[in-house]
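Two complexes follow with subunit A in common, the first pairing it with subunit B and the second with subunit C.
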Partner chain A sequence: MMKIDKYDVDTRLFYDAREHYWVKIEGNKARIGMSPLIQETSGAFVAVQMNGAGKTFARGESFGSIEAEKHVGPLKAPLSGKIIKINQAVVENPRLINYDPYNEGWLLEMELTNAENEVLDLIIGEENIVEWFKNELKKFEDKGWIAQ
Partner chain B sequence: MIPLETLVPEDEKKKLSPDYVRISAASAMALRMRSGRFTRDFEFGGINILLNYDNGCLADCGYCGLARTRPGDYEDKSFIRVEWPLVETDEVVDRMAQYANKMTRLCISQVTHGSSHADTIEITKKLVAKTDTPISILCAPPVLNREKLQEYKDLGVDMIGVGLDAVTEKVFRQHRTDVPNGSLKWDNYWDIINLSREIFGPWKVNIHTVVGLGESDKDMMDIFFHLFENQIFPYLFSFNPEPDSRMGNWKKADIKRWRRIQLIKHLIEKYDLKPDALSYDEAGNLVSLRVTEEKINDVINHLDEGIPFMTDGCPGPDGEVGCTRPYGSYKPSEQYRDFPFRPASNDVVQIRKELALDEILIN
Partner chain C sequence: MTTFRYINEHNTTASYGLAADEYLMQYHQSGKAPYATTLRLYNYKDYAVLAGRFQDLAAEIDVEACNRKGFEVGRRLTGGGAILMGSGQLGICLATSAQTYPWEHISELYLLFAQPVIDALLKLGINASFRGKNDLEVNGKKIAGLGVHVDASGAIQFHTSLLVELDTSQMLEVLKIPIQKYADKKKIASIEQRITTINREIGHPVSMQEVTQLVKESFAEAFEATFHHRPFQAAEKHAIQKLEQSRYLTEAWLFQNSPQKDMTGMSLKKTPAGLMRTYIGLKGEVIKSVLITGDFFEQAELFTQIETELKWAPLDKKVIDRAVEKVFAASPSLASAIGLVPVVVSEAIWLAAQRAMAAERYTYKGSCYYPKIEHNNPQLVEN
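Let's turn to the complex of A and B:
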């Protein structure tokens, strides 16, 4: 974990810059969760809906939705693949994403179908992740989404 | 044996008004006291604060999150569906001064409690000393009288709101008087409405009217006509079931009914629509809206602008609605009941469908 501003950021993972997911890839499987920055700027999560295990999604396709107190948005697949596991604990208690985005707050696991091509679009490597995260932090601060 | 109270951490001891207040989640975001964002970006500066007491509100309204008999500790209860963070009053005031250019309105919501008036005075004094933001008080009639209302006006409060909520005496008694710890009185509320109108003047008093508490369409329209005639604003709210409240299992008004009430209220207010333009069935359900061709054009124009479907609230310094309460009576995943911004063209298309005006419009 690396401290960036007040955030603990795991720089060993892949990151989807568009949707702010972290992606942990092992073989042809991936565990996916939300970055600490997006969980903070969304506010307290109150509902997570994810389509069932066994369904296949193309990269960028919506596999569900997530709702906070004042915000709702789609969950879009960061990589193409089949959902093999959904974190039921998060469905039952969405605030786990706020409390522990990298561990208890993970969202789902996928079996990847096009990882070798799509992974090139993810951010990897400490230097790249730190640069991206700092830029996003600045952007979100400018939008007024982060408490001061 | 260690006394129990010494085991309570310092930061968990009661933090009460006037030194502390609860603040709406949206307000906390606007003042950068809490991180978060809205589904759609828009400017928001309508700050709502709520007085806080350890024994809470002494009323017990069936639909309210703060009702005495709703399960749970007072400090853990949600109000209007979301949590209201407990914050220092001085910090709210300082941040309002810091973000003064964004601020459009500040509303102090009283609760029915013996300390409400004195604490409102103290908080208002702090606010007027440091900010120019227009101030409203959503008052608790049981703790008020003429002298207290006059004190608010003298301090610079420019609008008084009264949460009548139930628009007929029967509905009021059902949810607010004849309930387990009920104590609120219809006549007391109207005494305070009339006193407020007398002291604050025309169009400086607003009455919260909630759609979906068991009233008929006719009941809603009748109170609109009465209030407009007396130069008092009715502000519309959609009943939204608060989990675990006595009305937690009630359904909210269907969207068609809600949209029609929004539209007709607007036509009464802006186009002097008369009572005889509306007809009802025996149960008081609206069955027709009779308007001239010219008025139909007004209806269409106003539909296109989306104005009737925006949040009702006290004005900001520019005269536009300053208190927009985003997601105040619906979840972010639901259709906007009242829009905290001008509805977009695709929203208006949806609103037109929801209205189904062809079912009631005649000329």
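Let's turn to the complex of A and C:
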């Protein structure tokens, strides 16, 4: 875990730059959660709805929706695959995403169907992740998107 | 110059009004609709009582009272709290797509699309500004609620409920806001200290038609747009009816269960300024609303600022402490006039939250940081 500003960032994981997910890949399976930056800029998560385990999603397809403050938006799959597990604790208590994004606040697990190609679009490696995170942080601060 | 599709409707039913907004999102899903943006200005027939996307409808709305009064109930696609909509409230739905208005952070959409609403109010002599991300306020009182829904295809729906007028007593009869649960003769006054309307601000009634025209003009100016008035066509009305039948009129949609428990609580506290009543509404471990009333109405602004800070905030003692301290520090004259220290207020809020959770036998799972409240304070009064 690396400290960047006040954020603990796990640099051993993959990151989806657009949606700000972290992705932990083991074999053909992945556990997915939200980066500590996006969960802060969104404010408190009020509700999370995820479609049932067993369904298959292409990358970018919506596997559920999330409400933070009064914004309702989609949760888009960072990689293609079948959902094999949903974190019910997060469905019941979405604040876990805010409090513990890498551990108790994970969202779901997928069995990947096109990882070898799609993973190339994710950010990996400590140096790259630190650079991306710092740039994102600066952008978010400059634009006033960090929740005060 | 761009051309918006413009739709103006009156006296819609709850299910039709909501389904029409969703239809417009679908219309803009591909980003290839004949018009890149649609502005729909409308109002519901008296009354539609609408819950937010993930709310537990029965916890937010007194459905029995609605049935008795002939009010319709509905569930929106957008988030936020339950609202009363009727002939005195203007619904503003702007539907478009990320292809037309690319965005990175949701706050950009709020800023972009709420500005014409602020401009329209200014034309009436009302100086409105953002309160948090999601409301517009005038002198600390809410005048409009904002909401955004985006979907995976990039379609965007920005929605505003603009209060031209409001029957507060009707609202209190059908919305289960925490203050409603407790006897408080001053509750209408308390609500009216926090919510205002166009008519109240300008001191005389203005017609819905005039407000609608001003809002339309302001969107035209802000986006350098012309409008093509194109009401829903027959095939579109059919699609809207199908959405009403498949979603908005179904019990499965209306009464879907929320995994987060809705809880309300109150604390009473004797303070040098008088008796302070603090009401709180929780959705799981998120604060839906806080309302602080008491014998110190001239200082209500201080409390409405605290209430605004805490709306949709995580339920966390540290967050409550910070919010209260921040408001006290920002308004030293109001704070010193009331003769309270921040910790008294934050303890009252936390106590109300604890009582809300205790009443539902809910075990707090949140932050590991939540110090115990000192219950030996002689100023504390038990409910």
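FYI, the second predicted complex is superposed on the first by the 145 of 148 C-alpha atoms of A that agree within 3 Å, B and C clash if a C-alpha of one lies under 4 Å from a C-alpha of the other, contacts with A are read in each partner's own complex, and residues count from 1 in each chain.
Keep in mind that, in the parts below, a contact is a pair of C-beta atoms (placed from the backbone, for glycine too) under 8 Å apart; a residue touches a chain by one contact, two chains touch by 3 or more.
Bear in mind that the values here come from a model prediction, so they are computed numbers and not experimental data.
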I'd like to know which partner A:G73 touches here: subunit B for first, subunit C for second, both or neither. both
Applying the touch criterion given at the start, work out whether A:N117 contacts subunit B, subunit C, both or neither, answering first, second, both or neither. neither
Which of the two partners, first being subunit B and second being subunit C, lies in contact with A:T41: first, second, both, or neither? both
Regarding the shared-chain residue A:K143, is it in contact with subunit B (first), subunit C (second), both, or neither? both
A:G60 contacts which: subunit B (first), subunit C (second), both, neither? second
Scan A:N93 for contacts with subunit B and subunit C and give back first, second, both or neither. second
Applying the document's definition of touch, where does A:N135 land relative to subunit B and subunit C: first, second, both, or neither? neither
Who contacts more of subunit A, subunit B or subunit C? C
State whether A:N103 touches subunit B only (first), subunit C only (second), both chains, or neither. neither
I'd like to check the shared interface: which positions of subunit A are touched by both subunit B and subunit C across the two complexes? 41-44, 46-47, 65, 67-73, 143-145
Residues of subunit A that touch subunit C when the two form their complex: 41-47, 49, 60-62, 65, 67-74, 76, 91-96, 98-99, 140, 143-145
Mind listing the subunit A positions that touch subunit B in their complex? 40-44, 46-47, 65, 67-73, 143-148
Looking at the complex, which residues from subunit C come into contact with subunit A? 52-54, 77-80, 105-108, 132-134, 145-152, 258-260, 283-287, 312-315, 365-367
Which residues, counting only subunit B, touch subunit A once they are in their complex? 25-26, 29, 32-39, 41, 82-83, 326-327, 331-333
